[in-house]
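First chain A sits with chain B, and in the next complex the same chain sits with chain C.
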Partner chain A sequence: MRNILLTISYLGTRYHGFQVQKNAVTVAQTLQDAMEILLGRREDIKGCSRTDAGVHAGFYCLNFKTENPMPLPRIQRGLNGLLPWDISVRGCREVPEDFHARYDVLGKRYRYLIWNSPARSPFWEGRAYSYYPPLDLEKARAVCRAYVGSHDFSAFCSVKSDVEDRVRTVTHCGIEREGDLVTFTVEGDGFLYHMVRIMVGTMFWVNEGRLSVEEIPAIIASRDRGRAGKTAPACGLYLDRVFYDLEGLRWEEGKDLG
Partner chain B sequence: MRNILLTISYLGTRYHGFQVQKNAVTVAQTLQDAMEILLGRREDIKGCSRTDAGVHAGFYCLNFKTENPMPLPRIQRGLNGLLPWDISVRGCREVPEDFHARYDVLGKRYRYLIWNSPARSPFWEGRAYSYYPPLDLEKARAVCRAYVGSHDFSAFCSVKSDVEDRVRTVTHCGIEREGDLVTFTVEGDGFLYHMVRIMVGTMFWVNEGRLSVEEIPAIIASRDRGRAGKTAPACGLYLDRVFYDLEGLRWEEGKDLG
Partner chain C sequence: MADLENIEHLRKKRARIGFLKKALALLLIVAAIALAVAFRHEISRLNLVEQLTSHLVGIGSGPGWPVDISGITVREMAPMGNDLAVLTDTDLIFYSAQGREIRRVQHGCANPVMKVGGTRVLLYDTGSREIRVESKTRTVGSKTMEYAVDTGDISANNCVVLVTQGARYASEVTVLDKNLAQLYQWRSADSRVMVAALSDQQDEMAVGTVNVRDGQLYSTLLLFRFDEEQEYVREELAGELIHSLRYKQGCLQALSSRRLLTFSETGKRMAEYSLGEETLTAFDSGAELFTTLLVGDYREFKELDLAIVDYTGAAVGGSQLDFQVEDSTAAGDRVVLQSGGTLYLYGGGALLDEMAPLMEILDIQLVGKNLYLLTPSTLEKITVR
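Take a look at the complex of A and B:
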C-alpha cells in the first residue's frame, strides 16, 4: 500500500475549513472529489490540522493511502487539472507507511496578515484583515514576547473546545511591517482552537489601550478566556508551515504568499 | 475652482480598463458614480493613462475640478465608503489649477508579475500570469538590457494603435525572482499601446528559444510588430507608479502590491 503525502496551498475564502462536514463545502471534500476522478476510488485523507472557515494555507500537508500505481508527477498534475483555482497541489511524495500527517506534526507556523492603513487595499481584500488604528510595533513586539514559552493557553482557547491538555509551547512570536502590510508570525508545537486569532485580537486590545502589555502574563495565568481580547477575523490567518521529521519537506519560504 | 488629484489602487479583473466606454463597466465610470453621489455632480475626470481590460494599478493618478468645498479627508473617506472593494482611494490632495493628470506625466513604471512554477498559485490567480517553463533569469536580464534606451518601439506596439510618434525612452528595465514569483519592471517616459505586454511576450519567446537575445536590436530596428513575440496576458500587468513634478507625491514603494 502506498502512503502519499500532498502539500497544498489554498485560499480559504470559499471553504468551510479543511475538515469534511455534512452541509458545507470544505477543502478535504473538494480534494476527495478530484482524487476520486483521478484515482478511481474515494480515498480517506488525513489532514495536518483542522482550519477554520475562511482561513488560508500556504503550506498544508495531508496523506492518503492508495493501491493505485500512478506516478507521483501524474498525480500532482492530474489533481491540479481537476481542482478549482483556489486549491493547488504544490508537492507530492511517497512517505513511510506509518506516516500520519496529523499525529506526526512536530510544530507549525502561522502568519496573520494585517492591512494597517486608513485606506483599504484592493489587493488584500479577504486576504489580510483591515485594521485601521496605527499599530504601535514596539508595543506589539512586547505582546509577542509575552506569548513565548510553555503555558496553559486556556485563556487563548475558544470556549467551544473540549481539548483537555491546554499546555502549548510557543517557540517564536514576532511582528514585521512592510509598508502598510503587517505580518504577525507565531511558531510552536501546537495550537488550540482559535489560539492564534485570540493572540492577535489581544494584541489589538493592547494597541488600543484596552489592556496593557504587563497584564498578559496574568491573563495567561488566569486561564480565563473572558480576560483575553476578541478573536481576530479568519481572513487574515494563514497556516504557513508544518514541521515533520522528514527529509526535504520544504520549499523556499514565503514564495507561496508572495 | 479646486483641482483635486486622487491616487487610487485597483484590481482590474472586473473592469474593461480605466477609460469610460459605452457598453462596458470601467474604473472611471465606477469612480464617477461614487463622486456623483458624494459631491452632488457628475464631474469630468482626467486619468493618467488608459489601461487595458484586466490590467491592475497599484498607483493610478487622476484629477477633477469641483466647486464643492468638502475637506479632502472627507472626500477620500466618502469615496472609499461608496466604491466597491476592488477600487481604493489611497491619496487625495489639491493641485495647481493647470495640473493635468495625463499631460503632466513625466514618466511611468510598470510591473509585470509572473508566477513561474509547474503548480499554479491560489494566491496569484488573476494577479500574476502563470508561466510554466522555467525562466532563465540571465537570458531575461539580457533581453531587459536590450530594451533600455530611446528607440522607435513600433515593433512593440499593437497594430491597432494610431499614434504617430513611436519613439519612447526606456530608462530602466529589470527582472527579479522571489521564490516562484518573478517581477519584470520597466520605467520610461511613456509607453505605446500593449508595449509592456509585448516586451514581456518577447522575453518569453527568447526564454523558449524561439528568438535569441541578439535579435532584439534588429527586431526594434525593423519596426515590424510581426517580428516581436506575442502580447502577454493583461492579468500580470500593474501600473506601479506615475511620476510628476509635484512635491511629496509618493507612498512607500511596494506596499500596494504587497
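Take a look at the complex of A and C:
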C-alpha cells in the first residue's frame, strides 16, 4: 500500500469548497471521480484544509493510500488529463505511510488578492475582490504588523466555529501593491475558520475609518467577533502554501520554496 | 319696463337651471340604486359597502400624533388601509391616520394573534379553539373550531383560513367565507401544515407543509381549488422550510429558506429568486406588489443584502447593507430599516433617507408614507419621502 501526496492547484469559483458534500460539486468529489477512472477505485482522500466555496488554492496538499502500482508521473499526467481546466495536479510523490495531509501540517500561507480600482476588472472577476475605496497601504501595513504574534484569534473566527483552542501564531503578514492589484499575505502555524477573510475585512474597515489601527490589539484581546470587521468575500482568497516536515515542503518563514 | 322683462327672463332661466340640476341629481341617484341592485351580488362579494364604510370611518380630523399609550403593552401594529391596527395585551385598537381612535375592543386573549385582511382583523388566542373577526366598526363574528388553532390568515376579501391539529390528522385546514361559514376543508394525515394563504378570488388556497423523511426535512407546497378535493399543484422542496405564502395580483409567491418562487394563476412556476447560500434574515411579504427580503448573516459577514422582488418574481432593486438590522417594515417598494437609533428609508432598493429620531424605538410600521414609531410611552407618526 502506498501513501501518495498530491499537490494541486484549483480555481474555486465553480466549486462548493474542497470537501465532499451532498448535492454540491466540490474539488474533492471531482478529484475522486478522476481517480476512480484512472486507478479503478474511488480512493479516500485526506485534504490539508477545508476551503470554503469560492476559495482558490495555488498549492493544496492531499494524500491517499492505494495499492495500485501505477508510476507516480503517470498518475500525475493521467489525472491532469481527466480533470477539468480549473483543477490541476502539480506534484505527486510518495510519503511515509503514517503521513496525514491535514494533521501533519506545520504551517500555511494565504494570499488575498484585492483589485483596488474604481473600475472592476473582467480579468480578475471571481479571482480577486473588487474593492473600490483607495487602499491606504501605510495604514494597511500597520494593521498587518498588529496581527503578527501569538494570539487568541477568537475575534477573527467565524461564529459558527466550535473549535476550542483558538490560539494561533501569525509569523508573517504583509501587503504589496502592483498597479491596481493589491496582495495581502499572511503566514502562520494555523488559521481558524474565516480568519484570513476577517483579517482582510477588518483591514478594510480600518481603511474606511470605521476602526482605527490602534484598536486592533484591543479587538484581538477582546476575543469578540462582534468587534472585528466584516468577512471579506471568498473570491479573493488563495491557499498559497502548506508546510510539512518533508523535503521540499519545509517551512522557511516568508520564503517561497518554488 | 324692459328691466322688468329682463329680470323675469333671468328668474325663469335660473328656475330652469335649478330644475335641471335637481332632475340630474335625481337621475344619478336612481341610476346608482339601479346599478347597486343589478350588481348586488358583486358588491356583496367585493364587500364594497364594508370597504366604503371602513374607508369613511377613518376620515375626519383627529387629535394628531403622538398618541399617549403609557401603561399599555403593544404587541403588534399592522396597516389597515390608510389606518393602523394596534394589538395590545388587552385590546385591539384602530387608529386613523389623523391619530383618532376609531374603535377599541377588548380581545380577552392571553396570547393574542392578529392577522389583518382587507377590512377585517382575524383574532385568536394561541392554542385556543376560538376565533373572532373584527372590523373598524363592529364585531363581525366568532367561531369555535373543533381543535386548537395553530395558525390562520385572512384574505383581502375577508375570507379566513385556519390550520388546526386534529386527533386523527396531523393538520386540518378550514376555509371560512366572510360570513364565517365553511367553504372548504382539507386534511393532512402525515405532514404538519405550517402556513396557508387564500387567493383574493375566494376560489383557491395555498398550503405549505413540513415533514421529515430519512432524516431530511421536506416542505411541500400544495395548491387547491375549492371545487376539487385534491391539490392541483404539488411541489416538494427538499431541505427547505416554507416561511410565507402570499397571493399578489393573482400570482402566488412562496418564500422558503432558499428562494422566492412565483406561480401564475394556473399554478405554473413563473419565476425563482434564489437566495443562494445566504441565510434569510427577515422578510416582508405584506405589500401588494412587492416582497422585501433581507438576506445574509450579519454576525458572520458584517453585511446584509436587501432585495425587492415584485409580484412577478422579478428583482426590482437591492442594496448591500453594512449595518445590523433590528427591525424592518415595508409598504409598496418602500422599506424602513431600523439599526440602533437610526432609521434608513429605502425605495426600490436604493437609500432615500436616513433619520435619527430622538427617542427609543420599540417597533416600526410603515403605512403608505406614514411611518409609525412605537416608543415606551407613545405612538408617533412621521411622514417619509
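Of note:
Methods note: the second predicted complex is superposed on the first by the 248 of 258 C-alpha atoms of A that agree within 3 Å, B and C clash if a C-alpha of one lies under 4 Å from a C-alpha of the other, contacts with A are read in each partner's own complex, and residues count from 1 in each chain.
Rule of thumb we're sticking to: a contact is a pair of C-beta atoms (placed from the backbone, for glycine too) under 8 Å apart; a residue touches a chain by one contact, two chains touch by 3 or more.
Note that this is a predicted model, so its numbers are computed, not measured.
After overlaying the two complexes on the shared chain, residue contacts for A:76 are found with chain B alone; chain C is out of touch.
Residue contacts after overlaying the shared chain place A:154 against neither chain B nor chain C. Residue contacts after overlaying the shared chain place A:11 against chain B, while chain C stays out of touching range. Ranking chain B and chain C by residues of chain A touched puts B first. Using the contact criterion defined above for the overlaid structures, shared-chain residue A:180 touches chain B, although it does not reach chain C.
Contacts of A:121 after superposition on the shared chain: chain B is touched, whereas chain C is not. In the superposed model, A:51 lies in contact with neither chain B nor chain C.
In the overlay built on the shared chain, the residue A:89 is in contact with chain B alone; chain C does not reach it.
Shared contact residues on chain A (touching chain B in one structure, chain C in the other): none found. Those residues of chain A lying in contact with chain C across their complex are 53, 158-160, 194, 201, 225-226, 229-231. Listing the residues of chain C that touch chain A in their complex gives 277, 299-303, 322. Residues 9-11, 56, 58, 76-77, 80, 85-91, 118-125, 127, 178-181, 251-258 of chain B are the ones that touch chain A when the two sit in their complex.
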